[in-house]
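As written, the chains take the letters A, B, C and D, and residue 1 is the first residue of each chain.
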Amino acid sequence: MAIIIDTKSVILVQGITGKQGNFHTSQMLAYGARVAAGVSPGKGGQEVHGVPVFDTVAQAMEQYPITASIIFIPAPGVKDAAFEAMSAGIKTLVIITEHVPLHDELDIMAYAEKHQVTIIGPNTFGIISPGQSKMGIMPNSIYTPGPVGVVARSGTLSYEIANNLTLSGLGQSTVVGLGGDRVVGLSFTEVLAKFEQDPTTKVVVLVGEIGGNAEEEASLYIKEMTKPVVAFLAGSSAPPGKRMGHAGAIIERGKGTFQSKVAALTLAGAKVAALPWEVAELVREALGE
Amino acid sequence: MKLYEYMGKDIFRREGIPVPRGQAFFNSAGVADFAASLPAIVVKSQVLAGGRGKAGGIKFPASATETEVAAQELLATVIRDLPVHAVLVEEKLKIDREYYVAITVDGGKRKPLVIASAQGGVDIEEVAEEHIVKFHVDVHAGIQPHFGREVARRMGLPAAESKQFSELLVKMYNLFRKYDAELVEINPLVLSSGKLIAADAKLTIDDEAAFRYPEWLPSVEERTERELKAAAIGISFVELDGEIGVMANGAGITMATLDIINHFGGSPRNFMDAGGGAGTEATAKALEILLSTKPKTIVVNIFGGITRCDDVARAFAQVKETIGIPVPLVIRLVGTNEEAGVEILRQQGMSAYRSIDEAVAKAVELAAKEAV
Amino acid sequence: MAIIIDTKSVILVQGITGKQGNFHTSQMLAYGARVAAGVSPGKGGQEVHGVPVFDTVAQAMEQYPITASIIFIPAPGVKDAAFEAMSAGIKTLVIITEHVPLHDELDIMAYAEKHQVTIIGPNTFGIISPGQSKMGIMPNSIYTPGPVGVVARSGTLSYEIANNLTLSGLGQSTVVGLGGDRVVGLSFTEVLAKFEQDPTTKVVVLVGEIGGNAEEEASLYIKEMTKPVVAFLAGSSAPPGKRMGHAGAIIERGKGTFQSKVAALTLAGAKVAALPWEVAELVREALGE
Amino acid sequence: MKLYEYMGKDIFRREGIPVPRGQAFFNSAGVADFAASLPAIVVKSQVLAGGRGKAGGIKFPASATETEVAAQELLATVIRDLPVHAVLVEEKLKIDREYYVAITVDGGKRKPLVIASAQGGVDIEEVAEEHIVKFHVDVHAGIQPHFGREVARRMGLPAAESKQFSELLVKMYNLFRKYDAELVEINPLVLSSGKLIAADAKLTIDDEAAFRYPEWLPSVEERTERELKAAAIGISFVELDGEIGVMANGAGITMATLDIINHFGGSPRNFMDAGGGAGTEATAKALEILLSTKPKTIVVNIFGGITRCDDVARAFAQVKETIGIPVPLVIRLVGTNEEAGVEILRQQGMSAYRSIDEAVAKAVELAAKEAV
């Protein structure tokens, strides 16, 4: 078991003929993900690493029972691509692209809500259920199957932590990247709820950062969870008012500070690691090992 | 991208939102003539810093001549480290009441959010929560007039103002959508002889939507020269006050690296997220930018995923051979093509750590030595 | 029993201070409908026939458990009023106003679908469940409770038929006016399905007219109904290509003709009356009287 | 409201939809000069009748001088009873292929509907169903480019045309929404040297949205003078060919009245829906319009709901006293204030029926007598 994607996921790659789409298709195939088809307007009939390319999503879906799509389209075309997938009936969508305009994200999320589509991203490293399937750009080598669910805002930091877990003998059920933008699809709370329901997941690691109030909101749900949660937060040393990399990381109006997040999580019963390499130890304790 | 007040008001005017009569001046030529056409005058420095009023950036001259003098003075001023870009000479409004209204995006709810208060004219954070009205917007409905009437009612506006307010909010929302705004804020929205007028205009445009900007849309730059240089090669870079230069790949890991520097008692000179998949050239340029800030030492934290360790190592080798690296460089290098990268570094007489804690501890130690 | 509205319906009147809103509020009250509140921006605090007036729908709903709203707002303001009602959570909406722009109707219907709101109209005489409740502009005197469900596109023609039914001793469960515009909320099929489920209704009268293909679509459902359907259609003598009164009544492209509608309805098992005064007799036969 | 082709093309041009170079002329002045600037010429009469090509309304002159002559001739033409309003002088396109594309509203689905075919240039009704592509539009999604790509694929367009077609469809949809269109139709959409160009433009604007029309939007009138007069007092009126004048209140009941006239062997002179709630003045004016069509007899069918029978009766009395009613008038009058209405009629020596069948039978009988 895992959440959102597993061995049964039949994957479409939108933008498969682009540099990123092409490369990560090879990586996903190498990982064993069932990449069934790709879409690239005007390139229908080609193949990429043996995967057939179609001109439109509807055309691809006439041929394959696609359940999920991953988008590698440049930012100006992401809204079009996301609407194409949703209009064609795809219910799980991973949007890797960064720099998607805010209002396009608002439009995508409103339409996803209307059609009950699960969106991961934009500006995410994707999602991986180790040993089962992968839709994303994370390195294949650092994950191993196991009982730890990981949900993160930030990519490389989550690699660091997943790698540490793997090196410590702690495998992962699913690792989800929410995406670094101000408006993204899945929230911490929604992913935590899925982990709570997933029989394989025994403990959840939440990798957050300063800015916004997603971690505070998640704390409300963590209080009600039966499974233990370990958290790590980046940004303890960030100066106020400076924008650091992505929009999520702005400290505004005294909310979303490191302190408020640590307090909320701790109060909710989560163990907060002070340094990234402490996460594995806290997970081991949570598992009662 | 934040727009200056006068730019925001130009857009307001174009979209039918009432603003005071006014004109922007970049020098004092013509100021007196224009001021002479106004019944009462205010001169406002155009600067993207908050609290410009308290800093003396707004003047109320009594005559056209005084206005010219005030404009000259303000144009020569620096407010919170920012030189005054222009002055806006405007009709000074008779103020009967001051309200607050803004539209922004609530990331948590993934929806536009309207924030309004009958207590405007002050910093909205100083207004008590019970005097603030908040409504989310369904983009499939947009803002219809009824939305404004309900906000007005919750604000406690009288019927005579409700209709005006409602029309204003519809226009603000259309502008918010049309111009890819992150924020449209009017504070104060002034009631002047029965009319609602935007006495200020704060408009922030989403940088990511730049490709859709109409050509006439003005550009405002808040970043330092180095930050701009970094942006040009697709790298997020923010200058800070400490001693240790930092480069990492990914915003979260960069932030965590800063935290770890702090943890070991050091202080970061900057935030530099070299992103995922940066090649040799970009990495070399990033390193040059780092060096130009003259840090005491540099720590590099690369977890190779899309980023290839050999590319990164080659960049360091290249910079070392060309312009040289005059400060200690501590490198943590793991992940994709790690062995090749370490080998390249070795040939240049450099070595790499595998764990982040060791690397950062070393950098802090070296910086402390340099400081002696 | 009845469909859509009954004695439990708590009614809001949007545009209550206008000439039409005011007059028909008095008529609805006279009929015994539970008109709880009215809305008229800027007129909050007034009363119309003893009904309190509010500035906004949200304000009215803070005071009364409103279940349905009837709109008497002039055409340019109908979209705003309909969205106000729907955004406030009202799930049944009767839009009397005629001349509503087509694209406003498209917007209203899309939003209604998203929020599962039942819309009757625009350009309708409304709905009446005789002896129980009334939201509309039909004369109070011509209806009487009974087993006949009536659904019509056109107002006065339905009055003619309802009056005939009443004079023939055949009472009505509910009489619904779909509205005469090209885009309206409820369709014949949706109303027929509600009558099929309604225990009081024993027979349904469908009053249609030429133009569009609503009657043909309804025929597909009539085939599956257990209850008998009697139909009357206006327009047997209409010349092709002329627009008669409302947009519904255009004969285009050889579809929507009188003949095609009669054929479809007859084939589906409905009895089609050749003249309006024959409807009551066919209903009596259908009831086995 | 249907727009002439040249008006539609002006709007197309403004919205970025490619159209041939062209200009409308209301007389022949300047035609030759403009034609001289075109490599190949077509002159199209601007008239709102279908089949203008077959009726000789389109000419292909070989020179600027011939164009002037052709324009003069066409401007003097009447096509299907309609005088030619103007001529459109255009560059004649090299036609490689002809497609069909339209956006309209599907009332049944309550959604915009895109209709397209690779077999354009002919009446779309003559195209076999399997060569027609139909897609509904969700207004919450609008038409994004992918929508056009999928339509293009179903039409069988090659990749090179798919992108152009997709951009065109996005623009057509934006226009459809922006201008409250009932119909935007391009037939043929011409492929000319690799470019898609709208060789014709059919644009119908929703009359009910008139209050939103931008001022420049031209108005086209298709109605007769009497129909316009009726519209001015809010009454739907359509002239027909028969003998019996008809007035009723409500579109359905009016149509049914026409049907019943037919049933009894008579023929209606008109359709007149006096609407609900018409007062004495409007009813009197409506009756005057009816009389001006010189029917053999008039049948009035009023089921009083909002309409009050006494108001109607007063209108008849008033017209009888002022201009007189020279033909037999058969009145069916029931409903609100019926008794008062019947009494007013009685005082004028008129009587009323209670049932529609008796009234219509009488009117048909009287009309037959008049005809003898």
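General remarks:
Definition applied: a residue touches a chain if its C-beta (ideal position, glycine included) is under 8 Å from a C-beta of that chain, and two chains touch if they have at least 3 such contacts.
Which protein is which chain? UniProt says A, C = Succinate--CoA ligase [ADP-forming] subunit alpha; B, D = Succinate--CoA ligase [ADP-forming] subunit beta.
None of these values were measured; they are calculated from a predicted model.
The distance from the centre of subunit B to the centre of subunit D, with each centre set as the mean of the Cα atoms, comes to 55 Å.
Rounded to whole angstrom, the centroid-to-centroid distance between subunit A and subunit B, based on C-alpha atoms, equals 27 Å.
Chain centres here are Cα averages; for subunit A and subunit C they lie 49 Å apart. Multi-chain contact residues of subunit B (touching two or more other chains): 138, 140.
Subunit C has residues 110, 114 in contact with two or more other chains.
Viewed as a contact network, the protein chains form a single closed ring in which every chain touches exactly two others. Of all possible chain pairs, the ones that touch are A-B, A-D, B-C, C-D.
The touching residues of subunit C, counted against subunit D in their complex, run 75-76, 99-107, 109-110, 113-114, 125, 137-139, 142, 152-160, 163, 180-185, 187, 207, 209-210, 212-214, 217, 232, 234-239, 242-249, 253-254, 274-277. If you check the complex, the residues on subunit D that touch subunit C are 105, 107-108, 110-112, 125, 138-140, 177, 180, 182, 206, 208-209, 211-212, 236, 238, 240, 248-256, 258-263, 268, 271, 273, 276, 303-306, 334-336, 355-357. The touching residues of subunit C, counted against subunit B in their complex, run 41-42, 44, 55-59, 77, 79-81, 83-84, 86-87, 110-111, 114. The residues of subunit D lying in touch with subunit A in their complex are 138, 140-141, 144-147, 149-150, 153, 159, 162-163.
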